[in-house]
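As written, the chain order gives the labels A, B, C and D, with residue 1 at the start of each chain.
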Amino acid sequence: MIDFVVPSLGADMDRATLVGWLVEPGDVVKKGQIIAEVETEKGVIEVECWHDGVVEELVVEPGPEKLPVGALLARIRPLEGAPTPEPEAQPPTQALKAPPLRPTAREVAPAPPIRQLAHRLGVDLTRLERTGPGGVITRDDVLRGASALAGQGSPAGIVPARGRKKASPRARWLASQLGVDLDSTSASGPEDMVVAKDIEAAPATTLEPEDKVAAMRRAIARSMSHSKREIPHYYLATHIDLDKSLSWLEAVNAERSISRRILPAALLLKATALALREVPELNGHWIDEEFHRSEAVHIGVAISIREGGLVAPAIHNADQLELGEMMELLRDLVTRARSWRLRSSEMSDPTITVTNLGDRGVETAFPVIIPPQVAMVGLGKVVDAIVPVKGSPVAHPVIHVTLAGDHRVTDGHRGGLLLSTLEGLLQEPESL
Amino acid sequence: MTLIAEKKTITYREAVREAMSDAMRNDERVFLMGEDVGRYGGCYAVSKGMLEEFGPDRVRDTPLSESAFVGAGIGAALGGMRPIVEVMTVNFSLLALDQIVNTAALYLHMSGGQFNVPVVIRMATGAGRQLAAQHSHSLEGWYAHVPGLKVVAPGTIEDARWMLATALDDPDPVIIFEHVGLYNMEGELPENGAPVDLAKAKLRQSGTDVSLITYGGSLPKVMAAADELTQEGISADVLDLRVLRPLDIPAIIDTVTTTHRLVVIDEGWKTGGLSAEIAARVAEDAIWELDAPIRRVCSAEVPVPYARHMEQAALPQVADIVATARALVGR
Amino acid sequence: MSETSHLHDLLWQMLRIRRFEERSAQLYQEEKIRGFLHLYIGEEAVAVGVMGALEPEDAVVATYREHGHALARGVAPGSVMAEMYGKVEGCSRGRGGSMHLFDADNRFYGGNAIVGGGLPLAVGLALADHLSGRRRVTAVFFGEGAVAEGEFHESMNLAALWDLPVLFCCENNLYAMGTAIERSESQTHLTLKAASFEIPAWEVDGMDVVAVEEAAVKAVESVRSGGGPHFLEFRTYRFRAHSMFDPELYRSKEEVGEWMSRDPIELLRGRLSAEGLLSEDDWEAMEEKVGAEVDDAVEFAEEGSWEPVGDLSRFVYSEVGGQ
Amino acid sequence: MTPQQARQIIFDVLTDIAPEVDRNTVDDNRDLTEQLDLDSMDYLTWMIGIAEQTGIDIPQRDVSEFLTIATAVTYLVEHHG
């Protein structure tokens, strides 16, 4: 007599309840036939019988009782002539055992959900091509089988999964960094492969806006948590008299048509870029426990997104731009950022970032450095303040400027030099 | 005409000879030993004329006993000499494999640091001269497999001239592979050369689109391929490994990080070869830099045949290198 | 040193090898020593006799059955035992084990576990002496099994061709592992092989340490004075199995018994006793001295330390400079 | 240009910048930047858009005319040739 017991279907399964019998006493059962259903923590699972025989007795009735693995469920009488299997003897010695052979392709049972799907679609599992690891039947195999059955296309409501698109490792890495969806990029590389160039040319994300916002939130969470965990920030703040700069800018703008008008932000960015030449230790990246100074000044501009979130794409070589060019690039960047059309190259390489919260009425910003950068400049609101001019109190527009520095790379002294250089530059706006 | 460095025209063969003669003039412990290195002048005429200058004790003809004379070179090194052992071709060196792999490579480690083996073993390698299978193989990778050995492959006249001095100065066994196709190569040799660092690969050409990594006899082919690529507007970074063990991994990673595309050109076979090692290292250390599959241009997996057209078909060719690089760049 | 005390010295040397190895076998079964352990028991007269003929500046190249050679050459028993324990205080820092004993101070070049592999090396060491004009001798030990290797023939030829100061010491214990010499050599008179290279050669009773020493002294003198390589065939026998895991299916107990009746230690002891040159007290004192020395060696090994794993890649290449 | 046309243009450009803006709920007489959370760049972009659509350049001194929808409509109607 053969015992049919609660099988161990996984290492973490130790009990199950019997949901139902698919056979009755006296039924002939075949090896591999599903004869019972049990409920586990992972759901209802069909249980196969491993021997040919006749059901002698169903020992347990379906019910809520939790049965441990190994509990007797039924007795099966072997067919006449078939030997009763003996329990496997333990090997007599402790000799080194060869590793057990992996089951061959034909023996790997498809996962229950796959079997269920096949059942629903009326597909014969034994006739399917097996493309899964180790020869297991995959969902795709079943779907293909179903299409063949139907003679045309896919069964209604079921879309076959697409093949994995070929992409170079670098392209995959870039795509993950930049949130680019590989499936929607063009593939210009060898063998129709998506390569880095394709990712760089792709819009930064082609996900749906809700997904984009969520993905961006996650990216910000990761980056900022990392920053606050790893980077020992120091903060310096000062206020800078913008009287000369703003008067000069007003005069300049008076000569310009609206489309060529320059905002103070552009002037401040340009001045920051130039000031960084004086304090290059703030311009670069901290990678592998080491500061890598950047020759080029690529200023990241923190841009808030209307749907929520923030991006900080770079204005490349900001120290070498004419003010007009700077303004044009800045406007273009903001427009594209807010319509999710940034280029990945802009996302990947800022050497320092500037955040301008003045428009939002914030007086002083205390920014969190974006790793692997080592500094961030915060610009606050321009306010009127009483400043001494030739010994007399005069009201001038003043801006609060903050610097967050990475203490592993610089100290407050160097950071202070950036702020004082910035102040000096803004007193001679015509030189910008 | 500038006078920055005096230059003279010289063959690769002469450069090796000059290196050996120079070493023997400067250091009494140095001597040359091998089959037909003396009276015959060397199978590839590398040591021609040296017997006359240094005499039969220091330019020592040996019987055809690769294991004994390579082992004797190792023993002499242990005994305080600085032998240069010439093995006619790498195929023959298999008769001395026991001494090279079981003795030279192991003694320092096995003796807990007591016995280093400052021997230099030179051998010809490679195909292209219709010498057929038993004289044409490139087994550099086999030796590069073994810790304890240093394996170098001068691919230029300058390296042929200057690697030997460093090899002789090295306290450990150094195997120098000279590609038969290079012996007749002619070129200018600056007078003020200096010993070559046996730890560093050398960038022979800087480029941005694709990395071509190679060594030894394939270097001239790769340079020719790089020229063709330049004309097509593809800029190749050519890295000459020079040292096959220990590999200059940072240099390999650097070039891949620069171009993101890699072609390895190796006259050895692909299977289990040096090219496989390089590909594996790049996959281990720089996979996310790769913007295209790694490609290898190697010898066909056959013994090198005699007939010229068949021999050439079995070997990496400039056109293969160009086509492979071009495809990687996506043109 | 008087003749008697010299003979006592030879006896003592053989005895310490014997007791050292007996203890090694025990330690192997206690799993203190692992890997292969090849015992020299029965053959002690060869190493002891030959080493006595060599000068400190001479070189020795040995096989993987070389505890006796190392001890007779002067390598400290403690460092040999520590080596077998795998301790960093061992003569090869625990990198070599039983088969790879090395000692630069004693010009002891291993400890070579490739049969025949040491022969070309010895030729090279002699070549270095020859080229440098030094009157030194390199003694290389190998079994009769090595005679079947190409490296034996190549090296004999090269040494003779170049007239190099090598003393080839063939320890013919009749079995290459389990293969009897009759089953591996068409010519079992090994001196005839040497003669074909025009190398002077003698057969020597390898169980008689005095005979071994006499032959070695004569050969070394000739080699040192420019007589070119010499070849000595020592007829000897290993009393123990090839290594520790060997049921000895290839030879009879009778044959082993016969050879053991000519135990080199018992031979010399018997001779000295018969001549009244060794009293029971002398013998017991010798045993006691040897026992203490072996105890010390074991204690040294026990107290030794393990090399830090961080040093794993040391000595693959030289650390600074050269020799 | 009628006030309706001006209004149409103003909102078309505005919803390009701030798509969530509902023209029915915008207060014609409130400061736009506060009301719709526009920053100076949005604001400038909006005016540039209006200038492009209408062909009316908006000199620096007139920027304050665009603080509310109402004033902007008036400005455009007055300045359209």
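What we mean here is this: a residue touches a chain if its C-beta (ideal position, glycine included) is under 8 Å from a C-beta of that chain, and two chains touch if they have at least 3 such contacts.
Since the model is a prediction, treat every value here as computed from it, not as a measurement.
S.K.: Does A-D or B-C have the larger number of C-beta pairs in contact?
M.R.: B-C
S.K.: On a CA-centroid basis, which chain has its centre farthest from subunit B's?
M.R.: D
S.K.: Indicate the whole-number Å distance between the mean C-alpha point of subunit C and the mean C-alpha point of subunit D.
M.R.: Each chain's C-alpha centroid was found; their separation is 104 Å.
S.K.: Quick check: how many Å separate the C-alpha centres of subunit B and subunit C?
M.R.: So the centre of subunit B lies 40 Å away from the centre of subunit C.
S.K.: How many Å are there between the centre of subunit B and the centre of subunit D, using C-alpha atoms for each centre?
M.R.: Those two chain centres are 74 Å apart.
S.K.: Edges wherever two chains touch, nodes for the chains themselves; is that graph a line, a ring, a star, complete, or other here?
M.R.: line
S.K.: Taking all chains into account, which pairs touch?
M.R.: Going through each pair of chains, those in contact are A-B, A-D, B-C.
S.K.: What residues on subunit A touch subunit D, complex-wise?
M.R.: 250, 253-254, 256-259, 261, 263-265, 304, 306, 330-331, 334-335, 338, 359-360
S.K.: Taking the touch rule as given, give the residues of subunit C at its contact with subunit B in the complex, in rising order.
M.R.: So the residues of subunit C touching subunit B come out as 59, 90-96, 100, 102-104, 109-112, 114, 117, 119-129, 131-132, 138, 150-151, 154-155, 157-158, 161, 314-319, 321-323.
S.K.: Spell out the part of subunit B that touches subunit C in their complex, as residue ranges.
M.R.: Going by the criterion above, the answer is residues 31, 57-58, 62-63, 65, 67-81, 83, 98-99, 102-103, 107-116, 118, 147-148, 150, 170-172.
S.K.: Spell out the part of subunit D that touches subunit A in their complex, as residue ranges.
M.R.: Of all residues in subunit D, those touching subunit A are 17-20, 33, 37, 39-42, 44-45, 47-48, 51-52, 57-61.
S.K.: Which positions of subunit B touch subunit A when the two form their complex?
M.R.: That would be residues 260, 287-293, 327-330 of subunit B.
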